[in-house]
Amino acid sequence: MVNYKVADESLSEKGKEALYVAERKMPVTAKVIRDRFTKEKPLVGVVIAGCLHITKETGNLARTLKSGGAEVYLCGSNPLSTQDDVAAALIKEDINVFAWHGNTDEEFYWCIRKCLEAKPNILIDDGGDMIVTLHNEFPELIEKGTIIGCQEETTTGVKRFRAMDKQGALKVPLFPVNDARCKNQFDNELGTGQGIISAIYGMHVLFAGKKVVIAGYGHCSSGMALRARGLGADVIITEVDPIKALQARFAGYQVMPIAKAVPNAEIILTATGCKHVLPPRPEVFDMLKDGVILGNLGHFDIEIPTKELYEYAIEIKPIRRHVEELILPNGNKIYLLAKGRLANLVLSEGHPSEVMDMSFGLQSLMSEYIVRNKGSWKAGIINIPPEIDDKVGFLKLESMGIKIDKLTEEQYNYIHGYLEGT
Amino acid sequence: MVNYKVADESLSEKGKEALYVAERKMPVTAKVIRDRFTKEKPLVGVVIAGCLHITKETGNLARTLKSGGAEVYLCGSNPLSTQDDVAAALIKEDINVFAWHGNTDEEFYWCIRKCLEAKPNILIDDGGDMIVTLHNEFPELIEKGTIIGCQEETTTGVKRFRAMDKQGALKVPLFPVNDARCKNQFDNELGTGQGIISAIYGMHVLFAGKKVVIAGYGHCSSGMALRARGLGADVIITEVDPIKALQARFAGYQVMPIAKAVPNAEIILTATGCKHVLPPRPEVFDMLKDGVILGNLGHFDIEIPTKELYEYAIEIKPIRRHVEELILPNGNKIYLLAKGRLANLVLSEGHPSEVMDMSFGLQSLMSEYIVRNKGSWKAGIINIPPEIDDKVGFLKLESMGIKIDKLTEEQYNYIHGYLEGT
Amino acid sequence: MVNYKVADESLSEKGKEALYVAERKMPVTAKVIRDRFTKEKPLVGVVIAGCLHITKETGNLARTLKSGGAEVYLCGSNPLSTQDDVAAALIKEDINVFAWHGNTDEEFYWCIRKCLEAKPNILIDDGGDMIVTLHNEFPELIEKGTIIGCQEETTTGVKRFRAMDKQGALKVPLFPVNDARCKNQFDNELGTGQGIISAIYGMHVLFAGKKVVIAGYGHCSSGMALRARGLGADVIITEVDPIKALQARFAGYQVMPIAKAVPNAEIILTATGCKHVLPPRPEVFDMLKDGVILGNLGHFDIEIPTKELYEYAIEIKPIRRHVEELILPNGNKIYLLAKGRLANLVLSEGHPSEVMDMSFGLQSLMSEYIVRNKGSWKAGIINIPPEIDDKVGFLKLESMGIKIDKLTEEQYNYIHGYLEGT
Amino acid sequence: MVNYKVADESLSEKGKEALYVAERKMPVTAKVIRDRFTKEKPLVGVVIAGCLHITKETGNLARTLKSGGAEVYLCGSNPLSTQDDVAAALIKEDINVFAWHGNTDEEFYWCIRKCLEAKPNILIDDGGDMIVTLHNEFPELIEKGTIIGCQEETTTGVKRFRAMDKQGALKVPLFPVNDARCKNQFDNELGTGQGIISAIYGMHVLFAGKKVVIAGYGHCSSGMALRARGLGADVIITEVDPIKALQARFAGYQVMPIAKAVPNAEIILTATGCKHVLPPRPEVFDMLKDGVILGNLGHFDIEIPTKELYEYAIEIKPIRRHVEELILPNGNKIYLLAKGRLANLVLSEGHPSEVMDMSFGLQSLMSEYIVRNKGSWKAGIINIPPEIDDKVGFLKLESMGIKIDKLTEEQYNYIHGYLEGT
C-alpha cells in the first residue's frame, strides 16, 4: 500500500513520459546501478526518506532505491520545484510521495513529518530541513538507532550541519554528499550555470554580438560566462572579490563596477548570493538600456531589486511565458525573467539530467554503503569514501564510452613517494 | 479596403504581440527606416507585392513599406512557414495578405496570382515563384511598365534568374538582394546555422562533452559547429570538398568520413544540400548509437534518410514536441527532430529578428531606391549599389551603439592608389 | 655548372639544416610530389625561373622542381626576406640563385635579369616584378614562344596583371595561383595572421587579460584576433568597413574607433593596408598607454606612423631583438616591433611551413600542368583548373592522415540538378 | 660591502636590462610596493635571505626588499634556473648573491650556508632546503630569536613543513605563501601551463589542425590544453583520475588512454607528476608518429622515458636550440624538447613576469607584515592573513586599471547572515 498526497493523480501518464526522458539520459543512476540493485537487492528491509526537489531526475533516484529493495518516501524540498506529473507517476510505482507544487510553509512541514512517521533508516536531504525536524521532533528515531545514516545534498545544508556538529548538536552520522568531487565539480558550472543561457538561447535571442553583463565570477557565474562567450557574446564580469575579479580578467573578460557596466548591457544576469547586485536606485534604473533582459540565477529574488523595479515601472505586461516587459518612466522597456526568481529553474527544466545522474548515482551508492556498514560511525560529519566518489566517476566515464589509463603500482608508489617523501 | 485570405482572423491579438516582440529587435527596419519613411513617404502611390515567409519579421517589413506610403500585398513563399497569427494581425493594419499555414500547391499559386492582380510596381520574392509567374501569366505588367523593379532574396532564386538572364528571358530589372554583403555575411552563419543548436539547447540537452557530428562545413554548418563547440561539445565534421575539409581541420575540428563518425555520435546534424548524407543502409542504421539525436538543417528532408528510417524502425513514438523516438531492430532508440525537415524552423522560431533586421532593412531601402530611380535600368540583373549595402551596415552599427572610424581622403587615396597603381 | 650570386657560401650547412626542418613539415611539396617527380621527371628540359622570397620553404619548392628534371633559377622578391644560409645551401644542390639579404633596388633588378637571361620557359612570380621585366626587357622570350606559362603568387601581382590584361598588355598565359582555394583560404588567416602573435607569445608576453587592439578585420587581422582571443586576450577591433565591423561584433569582439581604443590598449596590431591607422598626431601619441606594444603586419611601414613616432620620442633604445623602447615627452614608454615593418616576418620566421606546403604544392603541380599542356592557351589570365586545386587539398588531407567521403554519382547529380534545375 | 659568488661579473649590464624588462611588467612588486617601501623603509635593520630561482623577476623582489631597508641575501633554489647575468647585476646594487648556473650539490648547500651565516631574520624559501638547513645546522638562529618568520613558496615545500609541524619538528613560524589565493590561482594555469605552448608557438610550429595529446588535466595541464585549443589544435587529454577525466570531457576535449592517443599524436606534452607517462616499451615507441614533438612540463625528466628513448634511438641529432631529432629503428623521426626536462623553463623564460608580480608582491607585503608583528606567533604553520592576500589582488587590479565594486555593509551582512544563519 502506498501513502501519498499529490496534486493530481491523473497526470501520471505525462509524468511517466518525463521520467522516461530523464532515465534515458541518466545511465549511471537509472541503468547500471539500478540493474545491479534489481539483481542484488542491497536495500531490502530499509526505509529511505528523501526531502528533495521532486523532478523527473529525483524520480529516477527513487526508482533505483526502490529497485534495490528499499521502501521509499519523498517530500518536496521546495514548494515551487515539485513537478506534479512526476509525483503522480511515482505513486503508481508504489513510491510514497507527499508533495505538490505551491504548498504552504505549514504543508511543507506536514509533508516532512509524514515521511519521518514512516520510521526511515536513511534520510536524504536537500537543504537540511528534514534532518533538523528529525532532531527536533523525532528524537526517538535517533535514540533507538532507527536512523543509520543521513545524506545532505547542498552547500547550505552542509554548512548548517557543520555548525551543529561543532556545538555537539548533531546526533546522526551525516554524509555530506554535496562535498563529493563527482557532485560539486559538475553541478554548478555545468548544471546551474548554463540554465538561464539555455533558456534565453532557446527563446531564440541572438547572443552573438550582445553585451552581456554577468554579476559574479563564482562557479555558476563563470559557467554562464563561458557559455555566453561560446555563443558569441561580449561578456563583462562584475565582482567584489579581487582574486575572482583577476581570474575573470585573465580569462579574457572585461571587469568593471556594475554601475559602469549597466548602461551598455543588453543582457544582465546575476548569480552572486548577494543582495541588490543591481542597486535599487532610480538613477541606476534610468541607466538601463532600452530592451535589456534581466535574469537571476541566485537563490533569492533580491539580487535584482525586483520589488523596487515593479514600483518604479509605469507599466508591466507579460510578453512571453515568464517574461515581463516593464516600461520605466523614461520610456525605456526592460524585460524581466521569472519575476527575478531563479530563471534557470523557472524558464528551463532545471539541471540537465546528464549532470544529476552523477549526484544521484552517488546517493544511490552511498545508501548501499550506509546499509552495508551500519553501526560503523559515531554521530558527526563523515567524509564520503573517495573510492565511492571515484566509482561514480568511473561509471559515468564508462556510460559515455570513455576509457582511461590505470596507474601501475610503480607509478603510484612514485607519486606517493614523491609527495610524502621530501 | 483590405483584400485577404488568412486562416483565422481571431488570432490577430496574438499576432500583434509577436510583431511587437520582433519589432523591438529590428531597430533598423522597424524603427530608423520606418520613422523616416513615415515622415518622408517615399513610396506613396507604389504597390509592392511580396512572396515571402509570413513571419513576425516579414510583418515588420510590410509595416515599414506601408509607413512609407506603399500599398502592400503579401503571399507566403512556403506553405509551412506562415505564422497564421501574424497574417491575421497584418490585415488589421490594412496590409493585404493571402497566406495560411499548410496551403496546397494550387492554393499557393492562387495566392501569388491574387497579389499580381493588384498590379504591383515592385516585387519582393523569396525563391522566384512570384517573378516567374509574373513572366508567364502577367506579361502585360511588364510590357506596360507597371513593374519598375524586382528583388530576389535567396541564393536559389538568384541562380534561377541568372540562368533566365543568360537566355534573354528575364524581362525586368532584377536586384539580387541576396548577394548584398549585409545579407549573405550574416544570414547563414548567424541565422540558419544556430537554429538547431538553440532549439536543442533550449530543450536543455547538455552539449558539454557530447560528441556532435556535423555534416558539411559550409556557411550554415560551420556556424553550427562554432556554436556547438562554444557550448562544450566535441565536434566532428564530415565533408566531401577537400578544401572545406581542410578548413574545418585547421579550425581544430576532427574530420572523417560519415561512416567512421557515426558510431560514437550523440548528436548528428546535417546541412549539406546533399541527398542521403547518412547512407540509407541497414548496416549504417545499426551503427547509430543508442540515444542519438538526428536533426537536419538542409532545405530538403532527404539529407537524413527519413523515409528509410521510418521503414526500418520497429516502433515510432512522439516523445516531445517535434521529437520522435524510433526504436530500431537492434533495440537502439534514436531521436529524430522535425521528421527530418528543417529543424531550425520547426523546433525554433526561424532566423533571429536581429539578423532579419539587416535583410529587411536592405529591402526597404532598395524599394525606395527603385522608386526614386525608376526607368534607369534595362531588364536584367542589376547589382545592389554598394552605398546602400553599406548604409544598412552603418544603420545597424548605429542601432547597436557602435561607432567606427571614417577614412580620410588621404588614407582612401593611399589604398586606392596602392591597389590600382602597381 | 651552377650560376649564382649569394652572400656567403660558407653558410650552406646551416641552410641545409633549415631546409631539412621545413621539408619535414611540407609533406605535399617535399615528399609526395617530389617523390613522383623524381620518378616521372615531368619537367625534363624545362627552365623555371622564380622571383620569390628565398626562404627554407621556397628552397623546398626549388628542390622539387629540380627533382622533376627542371633547371631552376631563383632571385629574391624582397631584399629583406632572403635567408642567406638557404641561398648558400641551394647552390650546393645545383640550383641557380641570385639573391642576398639587403640587396639594393638596382641589384634587385640585376638578379631578375640574370634569371631571365637563362631563357626560362616558366616564370613563378611573387609580386609581378619578374613578369613585368620580362615584358619590358625580354620581349623575345615571349615572341619566340620560349615562355610557355607564368604563375603569380600574390594578390597585388594578380591585380596588376588583370589591369594589364584589360588593356591588352599581357602577352603570356598567366595562371593566378594566388586565387586558388588551396592557397588563399589558408595563407592569410593561418599564415600571415598568426605571425606577430606567435612572435610576441614566444617572447613570453602574457596575452591573458591583455587589452589587444587590432586594426582591421580582414583575413589577416581576423586571424590575429582569433589567436589573441584564444590566448586569453580581450580583443578590440577597429574597422572602417561597416560590414566587416559588424562581422567582428557578431564574432564577439568590441568594435570602436581607434582613438577610443588606444588609451587602454596594451598591445596594438595593424593589418589594414591603410596609411596612418594610428593617426600621427601628438595628442594621439600622448594617449598611448605606458608599456604598450606596437606591431604592424601590413605590407608597408606606414600603418603605424613610425617616422612621426621616432621624431616625437625623446629617447629610443633597443630593448630586445627587433624591439625598441621609445620614451615619449610625457614619460610613457612604448615598445615598437621591427621598426613598424612586417613584424611577422622580422620577429618570426614567416609563414609556417605547413601552410606554404599547400601553396608550393600547387605551384609544383601547375608547373607540370603547364608543361603537359603547353600551347593550349592564348595570352591572358587563365583560371587554375579546379581539379588541380582540389588535388592539392586531397594530398594535404592524405598527408595529415585524414580521410573524407566521396560523393556518389546519385548524390552528385542530385545537388547538381538542384542547383541548375530550379 | 657586498658578499657574493657569481659566475661572471661582466654580465651585469645585460642583467640590468633583463631586470628592467621584468620591472616594467611587475607594477605591484616593482613599482607600487617598492615606491612605498622606499618612502616608509619598513624593513630597516632586517636581514632577509631568499633561496629562490635567481631570475629577472626574483631580482626585482630583492630590489624591493632592499628599497624597504632590508639587507638581502640570495642563493639559487635550482642549479639550472640561475640567470648569471641577473646575478651579476644584483651585486652591483649591493644585493648579496651566492648563485651560478650549474652549481653542484655541494656548492648548492655552500651557498645556502653563506646566506644563513649572515644571520637573517626572515627566510623566503622555494622548496624548503634553506629552512631545513636552518633547523639542522643553524639552530642558534632559532633559539636566540634571530629568525622572526619564514615563507615557503612551493607546494612541495609546504607539504614538507606540514609534515614537520605534525611531528613537532617545525621550530619557526612558517607562512605558506604558496597557499595564498593570489599565488596559487594564477601561477599554474597562467604561468607554468602556458610555458611549453608559447615556446613551441614561438618556434613557429602551426598549432592549428594539429593533434595535441596532453597527459594530465590538473592545473598546469588544463592551462596548456586551453591555450593549445585557443591556437586551433585538436586536443586529447589522458588522465588516470576519473573525476578530472570527466572535467576534461565536459570541457569538450577527447579523453582516452595514452596508448590509444599516441599513434595519431603530432605533439605530446606531459604534466602529471607521474613516472613513465609514455610507457617505456618498444611497441609504444614504434607507435609514435613520424615527426611527433615530445615535451615535458613536469618536475622530473621521467614523465617521458628519456633514457629509454635515447637508448632505443639509432641516431640522435640536435636540430634547433634545445630540440633533438631521434631516429627510431622503424625510421620514424621524433623531436624531443629539452632532453625531457621542464621545457617551459628551458625553451622559454619561465613564468611570465606579469604572474610573478603577484607572488612576489605577496612576499614583499608578508615580509613587512612579519616585521611589524614579530613575536606574535608560536612556531608552526601560520595562515596568510586574507586581507594581505586580497591587498595583492587589489593592487594588481589597480595596476591593470580595473575598478571593482565594494560591498555595502548591508550587502555584506546579508551574505554573512545567510551563510551563518541557516
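In order of appearance the chains are A, B, C and D, and numbering begins at 1 in each one.
Assume a residue touches a chain if its C-beta (ideal position, glycine included) is under 8 Å from a C-beta of that chain, and two chains touch if they have at least 3 such contacts.
From a predicted model like this one, the values you see are computed outputs, not experimental measurements.
**Student:** Tell me which of B-C, B-D or A-C has the interface of A-D again, with more than half the contact pairs shared?
**Tutor:** Equivalent contacts to A-D are found in B-C.
**Student:** C-D versus B-C: which interface comes out with more C-beta contact pairs?
**Tutor:** B-C
**Student:** Rounded to the nearest whole Å, what is the centre-to-centre distance of subunit B and subunit D, using the mean of the C-alpha atoms as each centre?
**Tutor:** Measuring from centre to centre gives 54 Å for this pair.
**Student:** Report the inter-chain centroid distance for subunit C and subunit D in whole angstrom, where each centroid is the mean of the CA atoms.
**Tutor:** 39
**Student:** Can you check how far apart subunit B and subunit C are, centre to centre, with Cα atoms defining each centre and the answer in Å?
**Tutor:** Roughly 37 Å, centre to centre.
**Student:** Residues touching two or more other chains, restricted to subunit A: which are they?
**Tutor:** Touching at least two other chains: 190, 208-209, 229, 232, 246, 249-250, 400.
**Student:** For the complex, give me every residue of subunit B touching subunit D.
**Tutor:** Residues of subunit B touching subunit D: 208-209, 229, 232-234, 246, 249-254.
**Student:** Using the touch definition from the top, list the residues of subunit A that touch subunit B in their complex.
**Tutor:** Those in contact with subunit B are residues 17, 20-21, 24-25, 190, 194, 198-199, 201-206, 208-209, 226-227, 229-232, 264, 291, 319-320, 333, 348-350, 352, 354-355, 400-401.
**Student:** Mind listing the subunit C positions that touch subunit B in their complex?
**Tutor:** Touching subunit B: residues 128, 156-157, 159-160, 163, 181-182, 185-186, 190, 238-243, 245-247, 249-250, 255-260, 273-276, 389-390, 393-394, 396-397, 400, 402-407, 410-411, 414-415, 418-420, 422 of subunit C.
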